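Heads up, the next two complexes both have subunit A, just with different partners, subunit B and then subunit C.
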Partner chain A sequence: MADKDLALMAHLMRRAGFGATREELEAYVAKGYEEVVEDLLHPERFPELDDTLFCRYYALGSTMVDATVMWHARWLYRMINTQRPLEEKMALFWHHVFATGWHKSENTPAMVHQMDTFRRNGLSDMRTILLDLSRDPAMLDWLDNNENHKSAANENYGRELLELFSMGVGNYSEQDIKNAARAFTGWTFAQPIPLYPYGYYSTHFEYREGDHDDSEKTFLGHTGRFNGEDIIDIVVQQPATPRFIARHLYNFFVADEPQVPAWQIEPPQDPEAIEAMCQAYTESDGNLRAMLRVLFNSASFKAARFKRVKSPTELIAGTIRLVGTHRFPEPGLHDLATASTAMGQFLHNAPTVEGWHTGKEWIDGGTLTERVNFAVNEMADVSKPGIQDMIQRLRAQGPAVAPETFVDTCLDLMGPLEMGDEARRALSRYAHSGGELRFGTPEEADASAARVGRMLQLIVATQEYQFG
Partner chain B sequence: MKINGKDSVLVVLQLSGGNDFMNTIIPYTNGIYHDSRPTVGIPAEQVLPLNDTLGFHPRTGRLKALYDMDKVAIIQGIGYPNSNRSHFRGMDIWHTCEPDRLVTEGWLGKTLYELDPQHENVLTGVSFGRGLPRAMAKAGVPVTSVGNLDNYGMMTSIQQDQERLESLEIFKEMYAPAVGSGAVRDYLSQTGLDVLKGSDVIKKAPQTYRSTVDYPDNPIAKSLRDVARVHFADLGTRVFYTQHAGYDTHANEVPTHPRLVDELSSALYAFMQDLWEHERAEEVAILVFTEFGRRVKDNGSGTDHGSGGGAFLIGERIKGGLYGEYPSLDPSQQEHGEDLVHHVDYRGVYSTLLEQWLGVEARPIVNGHYEQLQPFAA
Partner chain C sequence: MSTQTATAFQLDYVKTIGSVTVQLGRGFINPYDVAVSQDGRIFVLNRCDSARAQLVRVGIINWDEDYLGEFGKGYGPGDGQLMLPVAMALDSQERFHITDEHTHQVSIFDLSGEFVKKWGSSGSGDGQFNGPAGIAIDADDHIYVADQHNHRLQKFTADGQFVTQWGGAGSEPGQFNMPWGVTVDTQGDVYVADWRNDRIQKFTSSGAFLASYGESGNSDGQLHRPSGVAVDPDGYMYISDWGNERLQVLSPDGDCVANLRGQATLSKWAEEFFAVNPDERETRAQSNLVPALPPHLSAPHHVSSQTEPYFWGPVSVKLDREGRLFVTEANRHRVQVYQRAK
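Moving on to the complex of A and B:
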């Protein structure tokens, strides 16, 4: 049976990354929980993923072609292979919060650049993050800030910056929105050469002084000839900002909260956890790394195992890491992206500025079918390295593995996972139906491997497997 | 709404990518058409005229045959104000009836909610293809999305029948509702069991289907045959959704577009034949739509995104003919100086189908009041 430390480490790696193999978990446990948290918080201690191999096999990495499915697949490849799991996880976190999609601009490379930005600044401070966001061409286009002119302000970005990206509704007035929007006039991007027939050219931020409304504005009680930077300076000082971001962190890393629009009426399920993160924010000048350090080391985080419905991205990357494939740019990678889209998450392409609805809203009849079938299919081929490793570990239990040990060991190696009574009974029934696992002769070994494969298929089909 | 004692059924067929309406229903006597389209234009002598000014694309003979039987309503110049040339935004607008806001619920999702308020039948809405179109999405409304009708359901990759049956039994046990496990787990177990129920019911469709109609071998014909199979099995489905992709003909329109409209035309014809053979045509109406029309001028290889497209209503009960007016090709009459102008708001066509065909109040679904057509025979 798994020991306590290993189960906790598996939980940390599911949340702060995309899961880990048994071998990796054992190494992490030897290192110690707090030190692993520090490693996660300091991605610069580990080498960046070398993309050149990927680009040799999939000819898009270096050129900015618009292949939406492959860009999605390439991000999944990064999640599966990175040595900096929290860096990728934070990019995904910010993609959820600052939800942008290429379906408006039809410019996927601009979205890919946005993710590079989140990868670079995702663990920095809130001021840097919001400033980079406000200069991001994909975002400026998505929320029409290129239409926000001195002569005619467009409030879209100003509004969402306050409502969805920093403070949440109820913490500012309509006049504050108008004045924030005015402060961001002139913040736009340079139009690239038109799409056809030349292909894609990347856009870049442009500040047009002539189109900036430099007059006096009052914003959240402050008055001055504010520009966008000043608005962000004021926003990051508001107590509502850490509260809002902390609740997002809690929802993403700890346990499912209701959807954002309900936050006004429903208090957080764990106010103390939010408060502790807010304090870390204040003490560190809005540093995300400080907030996450408090979060990952808190008792409430450690106790919150399997309290979140996995996003399609987490389900796919986690399952692939378990079976040990795609550790090299092998064919079939785009199938992972297609599967994710069918499950309701097309990366780089959030449905609306509200982002993906998470928790139970990931699940409907169609998406559950996709989730189950994807994972079951991934467990079908027992020659995959991750499954072979599990079979070897089962084999090491002795010449004959009793049915209950068979179930326990598989559940352990797949997580460790915790099953409800119904699932546990059903899995036991399957284990007993074939008797002991034996590996004495090659025929016995083959038959046992096939039964392990089927056991894993049943495990990933459970409701429990939908939670991470 | 009942038609001869049977519930009315709507089949929505989405042409994804922006069908080139000007090359589907062609203004073959108009000089501007030929001048604007030196590359993709269809010579006047090749079109299949339907009157003195308009003709069908030469590869859509079967669709014209249906038109000649008065079964096809051509809706000319359909769209919405301030056309958005993005596919995805354009498609969203068609799916949600919200031109200015991004929302997640679709017009058919809301329709299904009205048709089956207790969610008694998981097959009231059936979509063919992977993933759920936003048009069909609404929280709490079960819709069955079928990737492959002959192999639909949970754990379909398990090849051996015996193994799969055994696994499904175990699945059912694992998804049994557990007391006190919380709302999320209850919902998950209900959803899992719903899928089992739906796939159990829907698998009857391929088993009982018999037909002499020979569908052409193309993806939209396959989907329409699936619609026919489920419809004939009487499983209570009121809304079917199908998609035919590839209409984004910026480049190489000359080989691509004729193939697509040929596939579409022959698939629709086979589907109608099948409905007639089974005497099940009366209660079915088909809406064929696309997110936008294409630019008047070609770009030397294809056509870019435009507006003012066309839609079709097809069915036994449809009064065939031309609806709306063909958008003017005169540059002074064009939107942005280069796009066809729409005269029929798509929400009026939805309202027509909702109120005159499905018997559902349109206003809350399409978010307002829009002028309806009168395309149904008394």
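Moving on to the complex of A and C:
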């Protein structure tokens, strides 16, 4: 029973956060599943990360173009060290959905500000979330709403708001798009202080009444002199909105769904789960916390182990949390960001407004090589605190650990992970090839530590390790 | 007892030096410290960020802001190279001593920028470092180094021979929590910016505790992660109150006499840039250099990061022989200069 609790808790922490160490899991299990879910849903119960420590080490200001790498690294550091894992995970979730790319504006502070907004409102209600989004300078620039004028409308934001950020294709007409766009005229941002001479600056939302089309509009059957807030009010009342958002939540937290463009033709794999979240949405006036509470406590979530291909972010943050490095600012942090980019995910820089294609599309010949090599390299140095912890737990089993126990314990401490037969046989072959794992003498202990490192490298090289 | 009325303390803004750059040559990139030689040249230590570390170097200018050259280039652990430089001090021979918190060493360069030697190693024993940060040199050429993760001050001779050390982790008087900046006053007393304890501590040159200034907070007399301190001949303490994004000045008795947010203007390099880029000047004219911010953006770093004149990342304060105060802003790639009114 306890083992199942631990495996279940590990699953919850992989999904709602970025994984947990064995010590953390044991503490969570003692607390109980429902209570841990509540803790996750209420990040304010836990202190914020001390940014001053990070900022002392990494002189983060707004330098030039490449500073984005360091802010990417900073976000990974936050994921590794936060006491509010779901807050960081929801910021990542909304970054996936409200996909914005640094490469258009090249204004790093604006992108960072957008992520801070997601951190702040990510667990609130859909109305607040969409309203804050519509006032976000990075988003307004990304989708050209600063060029959406009373005299000449630009439909980009109006369209994507409906197509990708709330209801999804098939739930509105072309005329609805046009009128939504007109309602958002005048929603722009102040000219940021330019890059020279002192670096980049962020900026803030500005409403220009003189540029706003105040005329009567018809939108989804309603008529009025709608402004942006009115459009959002109508949108969040549409049944299509919770269905769309719930499916995103399912894809991100439960199991890989097909990509969004296919959602019009391929139904959700678990309609009941979607429906339960929609009901929670309706009963709570669109609250994300309520939807996630239903999701995390559902039987279908608990059963969905390893049903998602890890994103590069999850692979990296999860692996680093296991090996226990970067718990304090140390050199090499930006290498994690570089690795993530090589795997296809450069945070703050989504490729298009569709966002990253997830699930199996994370994997191609190149990215798979990067993913496996990254994890294997992380396991190479057995002096790392997390690996040392695993070695000590193995030692605690007795002076001589049998090969099958060696494999079982490593799989348990790395997850617990589930292996298919072929992978399991390969790991057993390696364990048997060295006989018992002995720790009696210093020489034996060193040799065994090296074998443990090798076993961990084999584990992270399996196909199974790509799933979380 | 003097019958003269106490004159009010007044610190005047003089000018701003610098602008950002992405390459070697004229410009600063995350400047962390400043030193002024006897011939009036100003040396700026550029730390950069680890993703573009090849731009680490010491840049050389004069008071007229002519860019005279650079040294310490080439990111790496070799002789003459720097990796994560923190602070810089000049000895009586006008050699530069630069701390590096990645290599745990002090590198010495002469006034022409030639590498002399380096010393130090990683560890917690005498003469070893774990993240050397601030560095100061007294009139007798004794070197004081804030040993960040060993939470102590170490004292050396000019050639790096260990003399003594004091401190230890904690928040009691005489203890430290990740100390950063160090300075020596005209009496030879040593001041340490005790970063995570939010205070400045004063010691004799042999480490006897004398006084502590400041406590956690953002009001007058309070500090949040102070990174550096300079002391003038009258005993006024100029503190780079890094976490509060401000310069705070304490009287010799420890009373707050000034709290400055910063008032940077266009530097000479900035003016020259706009003279040949009128379109940039037009764009700048449309922007608001001091915007009104929404309530949720009220922390000092929020305000400073969006307000051009304000200090952002003031990591170091240094006084030169003329009494000019140099406040180095790591995040704005510039130095604001102030001077006490005569």
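Operating definition for what follows: the second predicted complex is superposed on the first by the 458 of 468 C-alpha atoms of A that agree within 3 Å, B and C clash if a C-alpha of one lies under 4 Å from a C-alpha of the other, contacts with A are read in each partner's own complex, and residues count from 1 in each chain.
Quick note on the criterion: a residue touches a chain if its C-beta (ideal position, glycine included) is under 8 Å from a C-beta of that chain, and two chains touch if they have at least 3 such contacts.
A quick note: this is a predicted structure, and the numbers were derived from the prediction, not measured.
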First (subunit B), second (subunit C), both or neither touched by A:Arg120: second
First, second, both or neither for A:Val372, with subunit B first and subunit C second: first
Which of subunit B and subunit C A:Ala400 touches, first, second, both or neither: neither
Contacts of A:Ser202 with subunit B and subunit C, given as first, second, both or neither: second
Which of subunit B and subunit C A:Tyr58 touches, first, second, both or neither: second
Touching partner for A:Leu49 - first (subunit B), second (subunit C), both, neither: neither
Partner, of subunit C and subunit B, that touches more residues belonging to subunit A: B
Subunit B/subunit C common contact set on subunit A: 196-197
Subunit C partner contacts - residues on subunit A that touch it in the complex: 52, 55-67, 69-70, 73, 109, 120, 190-199, 201-205, 331, 333-334, 337
Subunit C - residues contacting subunit A, complex: 18-20, 22, 29-30, 32, 47-52, 84, 102, 178, 180, 195, 224-225, 227, 243, 264, 266-267, 269-270, 273, 277, 280, 283-284, 286-289, 291, 293-294, 296-297, 305-306, 308, 312-313, 315, 330-334
Residues on subunit B engaged by subunit A in the complex (per definition of touch): 86-89, 92, 102-104, 122, 127, 130-132, 134, 139, 142-145, 153-158, 163, 166-167, 170-171, 173-176, 178, 181, 183-185, 187-189, 191-192, 194-195, 198, 250-251, 299, 301, 304
Subunit B contact footprint on subunit A (complex, rising order): 101-106, 196-197, 256, 309, 338, 341-342, 344, 349, 351-354, 357, 359-361, 363-370, 372-373, 376-377, 380, 420-423, 425-427, 429-430, 454, 457-458, 461-463, 466
